[in-house]
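Presented sequentially are two complexes of subunit A, the first with subunit B as partner and the second with subunit C.
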Partner chain A sequence: MSFRHLWAVIRKELQHILRDRGTFILVLVTPTLVLLLMTYSLAVKIQHVPIALLDYDQSATSREFIHQITAGDDLDLYQNAVSMSEIEDLLIKGKIKAAIIIGPKFSEDLLAMRGLSLQIIIDGTEPETGGFAVDHIGWRAEAFANDILADQILVNGISLDSLEPIDLRIRSWYNPSLEPRVDIVPGLLSIVLGFPAFSVALTLAREHEHSTMEQLLATPVRRIELLLGKMIPYILAGLVNVIVIPVIAMAWFNVPFNGNFLEFLLLSAIFLFAELSMGMVIGVFMKSQSAALALSFLVVLFPGFFLTGIFFPIASLPEMARMESMFLPGTHYAIITRGVFLPGIGIDALWPYAIMLIVLGLAFTGIAALFFKKKLA
Partner chain B sequence: MEKEFIKITDLTRKFKDNVALDSINLTIQEGELFGLVGPDGAGKTTLLRTLAGLLRITGGEVREAGCELHKNSESIKPKIGYMAQEFSLYGKLSVLENLQFFGEMYDVSPSLQKERIPGLLAFAQLTEFTDRRAAKLSGGMKKKLALACTLLHQPPILLLDEPTTGVDPVSRREFWNILNDLHLQGTTIIVSTPYMDEADRCSQVGLIYQGKIVECDSPENIRQKVGGEFIKVVTHDWQKAREIIQPLKGVLEVQTYGEALHILVDSANKRIGQIQKSLHKAKLDILEIRVIKPRMEEAFISLIRKIDQTK
Partner chain C sequence: MIRRILALVKKEFLHLKGDWWLPAFMLFGGALELLAIGWATSRPITNLPLMIWDMDRTAASRNLVISLENTGVFALTEPAKSMETIENLMDRGEINAAVIIPHGFSNEIETIGGHPVLQVILNGAESIPAREALRAVKGVVRSLDEKITIDRLGIDPDLFKGFDFSLRVWFNEALNEAYYTTPAELALMLEFTILIFAALTFSREREFGTLEQLLVMPFSSIEIIIGKSIPVILVGMFDFTLMLGVVHFAFNVPIRGSGLLLFGLAFMYTLVELGKGMAISVFSKSQHQAFLLVFMVGMIDFLFTGYAAPVESMPKIIQYLAYFVPAHHWLNIMRGITLKGSTILDILPNILFLLVLGLVIGFFSLRYIRKALD
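This part shows the complex of A and B:
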């Protein structure tokens, strides 16, 4: 390998990044911009979910329960229903997202310490909201039951003081965090750093479109010099984002960064090598920029959302998808970023993921070099 | 001078079902200024790309400056300067940066680059545009820059694919003056062109048609192969004149150039009076009638027609 060739390609590509506005924005601005946008839209908390109630018990206890359920901002009582058919009607019309049916023996069972006879119906077409409603109804019901039980215990002549440690513990358990989910920022990092990979996928296609590829292939430059020379500038540009984004995350979203920054930079460089190699494979096969861009969306961006364990746990994916996720650099990097940001884990614990990224990077680069021919047509 | 500097034997290249090159046999000697002429789609670009090592050789053999391209096409690359048909430099880089980039790619040492670049810039008349981005150059300047980029490593072989297409006549002339200088310095140049006046400036011309080399000779010899003489006739109504002349005895071919007709006849002396008489009879005024020497253009069209007729 000739380092003169390599450096000449790197320098030319860096000049392109800095001089071409489109590339500059895609590589250096888009990652931060998308991260801000996504954090804001994903960290929004669900509020004011409309629910209906059907009270078969009609006791003071059930009325007290209803009052407590709807006391917060999370659940709003839309209607007191009188029959199941009315609830069905409301659900079908989308007026409510969940319904609570209080059984006829609600207060009797509760006071007899036999549990809560409650039924919750949710709108399954919106599982996110439905799940939220179930969680919140559950928390409030549990808290309500605990209060009643505490009263009962008191009535039975046991001092509340002796129960206090247990009681306190229960209350701290069921204090739902309503903070925006800023913990998604580290996970998102592995998605937004896919944008430099887009650029790498485009860079070979651009040379084809501008027929500079023809001129380049006619020179004695070697394939690996060309591929690495095109990748390294985008790794450097990606690292600029790796520095900027944590600063924004800390200053703007108060995300804690407890790890070692230099180690993080090194691990990020390894990730970028793997991710950009994937972009390079796309670039080798796609001869036009539009095709390369479309494939990048399919191969880099969408799996980044669904298969890297950022939003959906990998363990819950079907087996095929689980296998695929192992081949995505983002999966391993998401573990690294989450470990570095919050618990502050270092390279001593994260090295297996770094090794996996290096293996993926070498494999992708190998595939790219294998299929990239110094020939036209 | 080495004979058979470039030797092509039975070179065949297919793209799916389309035969781009059909068993081409061609020998080019060192120091030749070889013009490759032929209509669009004849296979000029495919042949030049093959000689540049840009296409896999699937049939036949190509020996070029001691390299066997059918075995290893990479070995030829340091020895050639190749200029693609379309503008193929980096628009975001300046004139100087483009030159330096290709200098690096061809392993020209920095000191040699420093020595050669000012000369090349002057040669290509780009000295005052040294720092201008390549995208902002005029068409002619782009072509000259592309040529300069292929010359930095002083290759013994230059392959130029329609270097003057889309360039104004003044720039074309300048470009050919540069090629002539390089020819005199001993560089072997293969240039493809759709312009027949340019073919006249070559030392050797290969006519390529439907993937075959149909004629390969010096321009003078090709002109003489036409087999007949040309009479130029200008009238007010070339369409009517053409209708009258076409069926006359001894008229082999009528080519139209604007208002003028170039008529290929077996013998000019025998036929010129006959043509005049026929036109007078039809009451057409003759503005001009004279015997002309065939140019490459007439020769080229005549040769292609002959091939088409024999099919």
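This part shows the complex of A and C:
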């Protein structure tokens, strides 16, 4: 491969880009901007869930109970209802996500150890919020019952200080408060760095669309040089983001970066090579920009979200989906980013994933080069 | 005028025929993607690798291990032999949680007033599975707490109702994840499809230089706009119908409200997004640029739809801004009509917002497009 040819293609591509500066600024800036947007929208800690209470007991105990339930940030008392139809209305309008109905004999039943006379209704249209409400209401209710009952129970004259004897000690490594932002940002990095792949697919398809492809091939530039030359400016654009994003993550979102930055830069470059060659394959097959775009979306963006283990653990995916995810560079890079940011491990532990990325990159580039020839023969 | 518009529409379709990938994707891509993704993700979280270090090795500790396995959330790895193993695997992200049962666990259970200790370490690098793991463990601990207490008190288990309460789930009795996620995915796909298609309309002509040719023809700018809009609207409605079919038949999401109302509002929503997309396409100098802009706008909307998390949990300022995003209201409308069987009155605020936003966006887009074309 001649570096002179390669350099010529790179220069040509750079000139194209600079002529359309607006677009390139977008290419440069999109990954970081989208990361910011997505972090704000997705890394949301569920809190302040609005609930309503209907108290048929109206005793000191029930009032204390209500106080306990809404004491924290997790559940917010939206309204003290006075009837079932009010509750129904609030649920249908979406003003509350859950309702607790305290039975008329709540206080009596509790003290007689007949259980908690409570009915909880949740809005199932948002299972996550509903599940959250059930869990938190349940935990608080149990703690409440425990407090009230424990002192009163004596076994052989010994106070049973608690009805919840097990001392459960929970520690969360790397992210002590289980703050969603901390682990989502490294994952999102994997998604947003895939965006330059769209541009790569588009730039190849554009040459087809504008019929400049034949001209290019009449030059002494070889196919592989053409493909790589077109890819390199976008790898560089990606690398700029690789430098900028961790800085923002640390400064703005307080995401720790415990690994070695130079190793990370290298691993990211390998990922960009793999991901962008995937874009190349798309660009080679599609003859028009719009088609290249559509396919990129379906193949790069959406699976990038759901099959790479960022929002949904790969272990929980069905067999076939799990296998599919192995072919996405994003999957391997997500593991790398997660490892480098939080636990701070390095190439010594992550090398298998780097190898996978190199293999994928070479495979995709090979396929692109191969089909590039055939399409124009 | 109608004849001229029809001529334009025919031209658009002829263009599409020459490049059949695009319409194929536009029409079916959304539905296919919905099927694939909806299926893969509307599954519960299971198979999380869990490593257990049982230092007690008694019947009680073994029962605990079995209980953890029975939650269906975990896939037990080889038993741990040291803290180092746990650290290594957790660093690499190969386990999502570790449970350590200390020596003396069983003894503490037998002693009245004893407090058996249980240590749980969660892999915070993946907070979503971590929460699920915590939930499962807490469930097991709760059952064990109950059992221990009953034993200690020597009462009849049936009499101990301690902490039970009754739970009713509305609109989605089985707490089926698909009920929540698939309408959101549908809204997202629909928006992207319409935006992309609309964005390509003018930017493509501009890139190829055929826009000037179009403008010298005897079409008024209104006719051009309508002519270009019709294919987008048709594709959008077709896509919506297809995706709704997928969501309803493949994922069993019910449509409890009025189907007619739903379609009517879908049409209105299509027009709103069409307006946005066309304005972007007229503004862009190339298809590449149009696409990137559309993508940014789409991502911004994605933020506000409350797709992944409810809008109430977001910072106040984001909650206020959400009111200005059409997709936010569209998603509420869709969820309301399909799952809650909402009537017009129930979702009136959302409809009004959509209408007003649509009129404002439409007005400004039209003015901008006409000015640009003339």
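Here is the rule we go by: the second predicted complex is superposed on the first by the 251 of 377 C-alpha atoms of A that agree within 3 Å, B and C clash if a C-alpha of one lies under 4 Å from a C-alpha of the other, contacts with A are read in each partner's own complex, and residues count from 1 in each chain.
In this text, contacts are C-beta pairs under 8 Å (C-beta built on N, C-alpha and C of every residue); 3 or more make two chains touch, one makes a residue touch a chain.
Predicted, not measured: the structure shown is a model, and the values here were computed from it.
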First, second, both or neither for A:I224, with subunit B first and subunit C second: neither
First, second, both or neither for A:D20, with subunit B first and subunit C second: both
Which of subunit B and subunit C A:A363 touches, first, second, both or neither: neither
Which of subunit B and subunit C A:V34 touches, first, second, both or neither: second
Partner chain in contact with A:L77 - subunit B first, subunit C second, else both or neither: neither
Subunit A residues touched - subunit C or subunit B, whichever exceeds: C
Touched partner set for A:Q289, first subunit B, second subunit C, both or neither: second
Contacts of A:I248 with subunit B and subunit C, given as first, second, both or neither: neither
Which of subunit B and subunit C A:K12 touches, first, second, both or neither: first
Contacts of A:A269 with subunit B and subunit C, given as first, second, both or neither: neither
Residues on subunit A lying within both footprints (that of subunit B and that of subunit C): 20, 210
Subunit C - residues contacting subunit A, complex: 19, 21-22, 25-26, 29, 32-33, 37, 40-41, 43-49, 75, 90-93, 96, 108-109, 112-131, 134-135, 137-138, 141-142, 144-145, 148-149, 152-154, 159-173, 175-177, 179-180, 192, 196, 200, 204, 208, 285-289, 291-293, 295-296, 299-300, 302-304, 307-310, 312-315, 318, 332, 335-336, 339-340, 342, 346
Subunit A partner contacts - residues on subunit B that touch it in the complex: 15, 49, 52-56, 73-74, 77-78, 80, 82-84, 86-93, 97, 100-102, 104-107, 146, 149
Residue numbers on subunit A that touch subunit C, as the complex places them: 20, 22-23, 26-27, 30, 33-34, 37-38, 40-42, 44-50, 91-94, 97, 113-131, 134-135, 138-139, 141-142, 145, 153, 155-156, 158-176, 178-180, 182-184, 186, 195, 198-199, 202-203, 206, 210, 286-291, 293-295, 297-298, 302-303, 305-307, 311-313, 315-318, 321, 335, 338-339, 341-343, 345, 349
In the complex with subunit B, residue positions of subunit A that touch it: 2, 4-5, 7-8, 11-12, 15-16, 19-20, 210-212, 214-221, 374-377
